[in-house]
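The structure that follows is given in the form of structure tokens.
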Amino acid sequence: MIIMKTDASETDITRVVAVVEECGLRAAVIRGEYQTVIGPVGDERLLDFDRLATMPGVKEAARVEAPYKLISREYARFFGEPGAHRTVAIRNVHIGNGEPVIIAGPCAVESREQIMRIAEGVKRAGGHILRGGVFKPRSSVHAFQGRGAQGPAGAEEALSWLKEAGDAFDMPTVTEVRGESMVELVARYVDLMHIGARNMYDQDLLADVARQGKPVLLKRHFGASIEELLSFSEYIAAEGNKDLILCERGIVPVGKGKSYTRYTLDLAAIPVIHEETYLPVLVDPSHGTGRQDLVFDMSCAATAAGADGLMIEAHYNPAEALVDGPQMVTPDELKEIVDACRAIYQLRTNVARTRRQ
Amino acid sequence: MIIMKTDASETDITRVVAVVEECGLRAAVIRGEYQTVIGPVGDERLLDFDRLATMPGVKEAARVEAPYKLISREYARFFGEPGAHRTVAIRNVHIGNGEPVIIAGPCAVESREQIMRIAEGVKRAGGHILRGGVFKPRSSVHAFQGRGAQGPAGAEEALSWLKEAGDAFDMPTVTEVRGESMVELVARYVDLMHIGARNMYDQDLLADVARQGKPVLLKRHFGASIEELLSFSEYIAAEGNKDLILCERGIVPVGKGKSYTRYTLDLAAIPVIHEETYLPVLVDPSHGTGRQDLVFDMSCAATAAGADGLMIEAHYNPAEALVDGPQMVTPDELKEIVDACRAIYQLRTNVARTRRQ
Amino acid sequence: MIIMKTDASETDITRVVAVVEECGLRAAVIRGEYQTVIGPVGDERLLDFDRLATMPGVKEAARVEAPYKLISREYARFFGEPGAHRTVAIRNVHIGNGEPVIIAGPCAVESREQIMRIAEGVKRAGGHILRGGVFKPRSSVHAFQGRGAQGPAGAEEALSWLKEAGDAFDMPTVTEVRGESMVELVARYVDLMHIGARNMYDQDLLADVARQGKPVLLKRHFGASIEELLSFSEYIAAEGNKDLILCERGIVPVGKGKSYTRYTLDLAAIPVIHEETYLPVLVDPSHGTGRQDLVFDMSCAATAAGADGLMIEAHYNPAEALVDGPQMVTPDELKEIVDACRAIYQLRTNVARTRRQ
Amino acid sequence: MIIMKTDASETDITRVVAVVEECGLRAAVIRGEYQTVIGPVGDERLLDFDRLATMPGVKEAARVEAPYKLISREYARFFGEPGAHRTVAIRNVHIGNGEPVIIAGPCAVESREQIMRIAEGVKRAGGHILRGGVFKPRSSVHAFQGRGAQGPAGAEEALSWLKEAGDAFDMPTVTEVRGESMVELVARYVDLMHIGARNMYDQDLLADVARQGKPVLLKRHFGASIEELLSFSEYIAAEGNKDLILCERGIVPVGKGKSYTRYTLDLAAIPVIHEETYLPVLVDPSHGTGRQDLVFDMSCAATAAGADGLMIEAHYNPAEALVDGPQMVTPDELKEIVDACRAIYQLRTNVARTRRQ
């Protein structure tokens, strides 16, 4: 859509039309009382809106179509996709077509014993997938960066512990990939590759990870709009990998003074992404709030809003954890969360059945 | 807490201590490896932090205590308050001690027939309190401003229709007060006085409304932190009115590009405010999302997070409404919401009983 | 502009066209490869976009025209306005057509002696208009609220001191109006009526103040976009008062962690508002940064960006001030600012002359 | 600083003190009227604040010291640094000790002829360093990604054109590094390595780039606070590379509705960073505004605020550019900017001399 200034000349209009036609589209000219608007007809991706915006007499030139298409429900049929919701399989765990899937585990893998003991707790609580950080993207260079910071050997050791613990308790595993040089190594060990919020904008990492042929979990950056999350997801789909799961983990708080939470969980993102795309959506209430005492409430809320699963930090003794202690729950608390969320999911399903009739 | 610069001199420290003592407090001096920190002992409200912050050698001077005390659970016992959660009675409706209270009705009262017909629908759907806007705070001066914009006579007429509809269906009423000159008029007609998000910072309006002796519903401004909401609530409590209900209605979206919702609902605000204060908390999913199709999901989520009630825009025919049509639900949809939220509340209560054991 | 869904039916399209025509406009239908777009032709203010947005098959319905017209340069000629930049006269001081106008004085008027002594300093430093707060909108109810908080008598006394000080040193005066009940009182004493950032959204106050027939200074709310500032300015212009001056004073900081300033000054707002409207624009570097040591640099930057003036908090002894001490400058510092800004303005004017040739 | 709850027990306090002492620090206990505060004495980096925050009776546990020390002026002397402002040499160009340094060139290197012709224009306009993008981090996967997207061969070709153009006109060169696998290649060709805003949080890339031993230009992420920018800068300094230049390029706009600029330039960041660190600071008015017509004003403003230089997108024909046309200036416009900024710098220097006397 190209909006002309109120004082645009006929020549200005003619030139804009010419550029639209040069790009292989037709141009519909609508003359309003104050302004003329020019509507391009055809594939807008061929149009150079930046160039149009600098032309004389042009007030605004904006794309009407979405910046993502491959993951979109609306465009699915143009790309031969079914457009319904997609189920992503992480070995024997399916995300997107039933009970909320629980991903849980420690922020950081610290030792073989630690991850083994936590895996046992997660399994007992009803968890489905084991998480454990090997590469920690900390804000301060002076803070603990995870076992992965000790080089490939340290990373591989921690990854093997994570895999061993997952195997021992029959749970697929997930870990965050940080740094392109580690992508292949991580792909050899885990079942689900996690791209953290801070790396959402890193197109090279996204493409690299997508090419490993494993399911990918992409977290929304804390400064990103939903549209940006979807645009960057398209980088993964563009590599042919549609086993993609999105995760809301909170955006930066607004306003002066204390917000009392580390981030602001945007739970409306769940139904919005379900409306816009066919992808499953998780929520991470641990990072989203940064507070152990809020994880239960926000897990329930996320499930009630339709989340396909939760990603929760758990530890047998949060006070001992090297990282993120204040936001970790114990296996007993995790079990309460799992039980409550299952009941809420069941209730939602029953209500949905009634509403559809 | 006064943090001195690493190069502060002994004289700088002595002077700061003297000012703290002048204000009637003692000063504890902690000498660290790099820095000295001075901790005032006593009532920090007597201290002039602004003055301290400009003194030589001072790096930072910050209040440790909360800017609100009267509504605080932590400070309650110092003010002879019980500190438990408070129930606010709006005539026969009690907010804060049981099932979520449903406030519903049209954005704007348009005619006697319209509000009467909507009241019937709200009651039938299970609503408890009838809302209806008389003064609409629109962004554009060229948009419909509500019947109240036609002067006191127009306002009084609309208020009387609202009251009549509430009485006819045995529901208390609520309307937004806009403009100090209308406060007394509004207080004569409604049972609950609503201060809108745009006016949260208007201390004079807050105090005026508080003094009417009726329960007050205060909405969080869309650019305000939770701490600011609580600080401004204190203006109402300071007038001796603690029949105060807070309402989360969304904050401004973050990031470039589309957020797909008008605002970002911050549902973690519910447990946070319950932890910090003894006040009931509502959520407005209609304004919080601006989308009819998201109201059900976000109502469920808010209830699952512990909200004491919901404020929902409803209309027998949203497409006919003069204002906010895209976010209104029909009475049938409202009934679905009420039923689902009751079930979620029941589930939460059962779980809470188990957790406490 | 109404954008239809990719699967909208012909009937959906026909219905939207009918609604557009009902409102008295024509509808241009543009059929794209994926989507149909409907462009209304005529006065868009007559269209009910909210209603259109809820119609079946509609994806988005958005106004193309600006929500403000009376203050707009682009629309000026349709309203018989010249469209050039406007000069606003505050008695003998003219804002908008020359050297940056300096408004300075204390945050709060504390006593006759204080304001008199500060007025002398402001005049000596080269200031043009004297500011002094009578009603202080503080975040905490426990903080000093200004002399105006002591009721009309206290307010009138402080206002008379301000006027006396202005007269003594031949400077017009400005003070913030807080509370509609004080509007007439304030209008009797000051030459320029200031609406603070927290009240930018208070349409009733805006209209009341506009009707006093005195020039108005409107500050941008710290959570408002530029479009919102302009939309709310239109409330003042709609009362027939175009002696309107806008003021940028900082928006809420973004991101986790410290921003080191109270707000983020958005200096690009200056050329943007000059492009969009014919109104003069001031900057308040005192509130915008909250730091005395940044006032000089940000005053220079604002002037270099084309500001028509500055609003600066000044005091002969900042450490003594009851409010905002950390952001006040002394008369000597004010003089340095005035001199530097005059030189920058001169340089800008010379450059502008060269650029135009 | 550890703040205890008002109802913390003596046992709670004793336990916190024990943990502080375990970490090798002393603990000063300050008993206030309502609360007890515990101040750790010693190197706070040894303390585990996360663990402390989860202990019973603890309300808040917060670090008082800055999360960056190596780049800090305040801590400089503890690390044997001079603490004054640092000058960074990019071959024969020095940033940080004089006239604003102008980095200019196209958003993307498109061909040998294009970059050669632009280099000539930049040199003629008075530019010092030649920029040109080889790897473009675009939001949409469907948009042009730069020559670097064609693989290492395409990247190397574009880099060699850039180098050739720089050599031909005796200007050092700078380009953005995107993707760790390209770091060494880029380091072989350019004189200054640029890490873009989207990658500010990518610690691995930061460390990799730092280790190349070349000066580094780090841009602030558009969702980052100044503290975050400084914390992540510390990742570069921690590799022993202090030839570091920071760049403000705008943060995400706040508020509903149009901001009229792509980002909000935070010019107060310039004096703030100069106060906090010894590093030079640049401003990028092209990305910061996204508008050609604002580049002049914001360049002047940045220089007036004390910027050590500017990074500006320039092209002999903006309408032809494949990327970012709307924000590019021509060589003639660049010359006007350079001349105006030199004059403003001179004026600032003269004023500074007077102020210091």
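First chain written, first letter: the chains are A, B, C and D, and each begins at residue 1.
We adopt the following convention: contacts are C-beta pairs under 8 Å (C-beta built on N, C-alpha and C of every residue); 3 or more make two chains touch, one makes a residue touch a chain.
What you are looking at is a predicted structure, and each value in this text was computed from that prediction instead of being measured.
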item: Those chains which touch chain D and also touch chain B; value: A, C
item: Per Cα centroids, the chain farthest from chain A; value: C
item: Comparison of C-D and A-D by number of C-beta pairs in contact, larger one; value: C-D
item: Centroid distance [mean C-alpha coordinates] between chain D and chain A, Å; value: 27
item: Chain centre separation (chain A, chain C; CA means) in Å; value: 39
item: Centre-of-Cα separation between chain D and chain C, whole angstrom; value: 31
item: Sites on chain C at which at least two other chains make contact; value: 67, 139, 222-224, 228, 231, 252, 254-257
item: Contacting residues of chain C [partner chain B, same complex]; value: 45, 48, 50-51, 53-55, 67-69, 137-142, 145, 178-181, 198-199, 201-205, 221-224, 228, 231-232, 234-235, 238, 252, 254, 292, 318-321, 323-326
item: In the complex with chain C, residue positions of chain A that touch it; value: 1, 3, 5-7, 28, 30-35, 37, 39-44, 64-65, 74-75, 78, 139, 222-223, 252, 254-257, 262
item: In the complex with chain C, residue positions of chain D that touch it; value: 67, 222-228, 231, 251-261, 264-268, 270-272, 275-276, 288-289, 293-294, 297-298, 300-306, 336, 339-340, 343-344, 347-348, 351, 354-355
